[in-house]
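I have a structure I would like to understand better, so I am pasting it below and will then ask my questions one at a time.
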Amino acid sequence: MAGTAVRGRLSWQTATVGPVTDETAKVRTLRLEVPDWPGHRAGQHVDIRLTADDGYQAERAYSIASAPGEPLAITVERLDDGEVSPYLTEDARTGDQLEVRGPIGGYFVWEEDSGGPLLLAAGGSGIVPLRAIVRERSRAGSSVPVRLLYSSRSWEDVIYSSEFGLPPGGVEVIYTLTRSQPRMWQGYARRVDNQMLAEVAWPASERPLAYVCGPTSFVESVAAGLVGLGYPAGRVKTERFGATGQ
Amino acid sequence: MSPVSRGFRRKREAAPAGRVPPGQYVTKDFPVLSAGPTPHTPLSTWTFSIDGGREPMSWTWEEFRALPAETLTTDIHCVTRWSKLDTAWQGVSLDVLLGMVDYDARYVLAFSDGGYTTNLPVADLLGGKAWVAFDYEGAPLGAEHGGPARLLVPHLYFWKSAKWVRGLQLRDTDVPGFWENYGYNMYGDPWREQRYAGD
Amino acid sequence: MDDNAVDGNAIGGLMMAVFGTEMTTAVAICGSCGAVSQVAELPVYMPGLGIVVRCRSCDSVLMVFTGVRQVTCVDLMGLASLD
């Protein structure tokens, strides 16, 4: 699959919700069973469409949490004023049906041929496509070094914490907890800033590849910071989720 | 035919009968819906102008705030089907502003910081139906909701209530503004469900 | 970029449906200022009435998608080119 385009299906396909896993109090991972799923690349997303019994429809995009070759899964964070995320995180049950379009995206993707070293920066639920990238790296047997800088409000909000608690060889996870920290926390405790990036990011001389995902304000700040450290703009890939309002 | 997602429904609040135009549902939210970046014009350079009358008229922020203002509570209706009841505003009536201009035009094109425009008949700005609003729910109108001042024309779909309004261009002919150009109705009466051109 | 904007990644599915192919890596040239950008990196606004894609440099409108009576219309007049 490396280096080839996986064509997304242009039309909506019916998906059945499979097993669901609560990652945090507000975040849930849903496995989706889609007949004839064509496969996907790490970093891609799907569009999800829900239909109410009066015909009303709502669509949203969600990053794919699983690596290529793994069963399709999305991880969804419940937004307080959301319309789709409360349904997916609280109401949807195994066996329910929704529609999926995708996989989508040729820009924010990584595969073994893309190389590294990798600097992955996640703001909140921006961790989802980056987790898929880390899993793909393992699946492909790649040894490119990875530093994952993960900004979260608190330890309780960290998604995939047990998985990252035992990261694969060559992957270093650096957390910053911006609103509250556990007692005895020794790590970063503030929003990502240029000083933190200077300490964490690979030096530009190593020709790293960066993927930055999360709220728009986070992505703008981190991407500018990396460019300021000498990363060519073309080696900083970005995916902006807008303002989460949280 | 799309499969129904069991239990999924649009968020809605109960609404008193007859209060809500056809096809609308009531919400307590006030979503920030913008076609472009939020402008941040300093009040020191902000003006509201009316062009196309016998002479152009313009007010600075101080001059604008010195004009008589009204408080009002009204319902607003977005073409995307949400309605919000009993919203409280403070603003200067267009009766006051247009009353200071000598004109005979029948239409306006309202224009905003950031380039947004929307068109209306002059008649729909007069008779206590429209304001340039600067206060929402007892506080200065926030930038994301159109502050320092937005047009407020609650009897039409809310895209006509141009955020970040900076003035009106009086015209003899009705020309489509931003959304009207992309297929939305030139007039936009929610009670006749005039959402798109041809409705 | 405005905090409320998303980027071209978010409309990858819509663009795939409209153009028949993956478009987030397509290169857009602004008709107003000439700025060159991949679609994925363009600011995108979704106010419900339609989807507005703007230039990263000058904020000019590059593309507008609207859905009128179940038909998706796309206006590309703000672009000098897209490919």
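Lettered A, B and C in written order, each chain numbered from 1.
In the analysis below, contacts are C-beta pairs under 8 Å (C-beta built on N, C-alpha and C of every residue); 3 or more make two chains touch, one makes a residue touch a chain.
Quick caveat, the model's predicted, so the values are computed rather than measured.
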item	value
Innermost chain by mean C-alpha position	C
A-C against A-B, pair bridged by the larger set of C-beta contacts	A-C
Euclidean distance of C-alpha centroids - subunit A vs subunit C, Å	22
Gap in Å, rounded to a whole number, between the CA centres of subunit B and subunit A	38
Junction residues of subunit B - those touching two or more other chains	31-32
Residues of subunit A touching at least two other chains	243
Touching two or more other chains - residue numbers and ranges from subunit C	1-2, 4-5
Complex contact set, residues of subunit A against subunit B	12, 14, 49-54, 56-58, 81, 83, 87, 91-93, 96-99, 243
Complex contact set, residues of subunit B against subunit A	2-11, 29, 31-32
Residues of subunit C defined as touching subunit B within the complex	1-2, 4-5, 43, 45, 47-50, 52, 54, 59, 61, 64, 66, 68-69, 73, 75
Of all residues in subunit A, those that touch subunit C in their complex	5, 7-8, 10-11, 45-47, 61, 101-102, 104-108, 215-217, 220, 237-243
Footprint of subunit C on subunit B - complex, ascending	31-38, 78-80, 114-115, 144, 159, 179, 182-184, 196-197
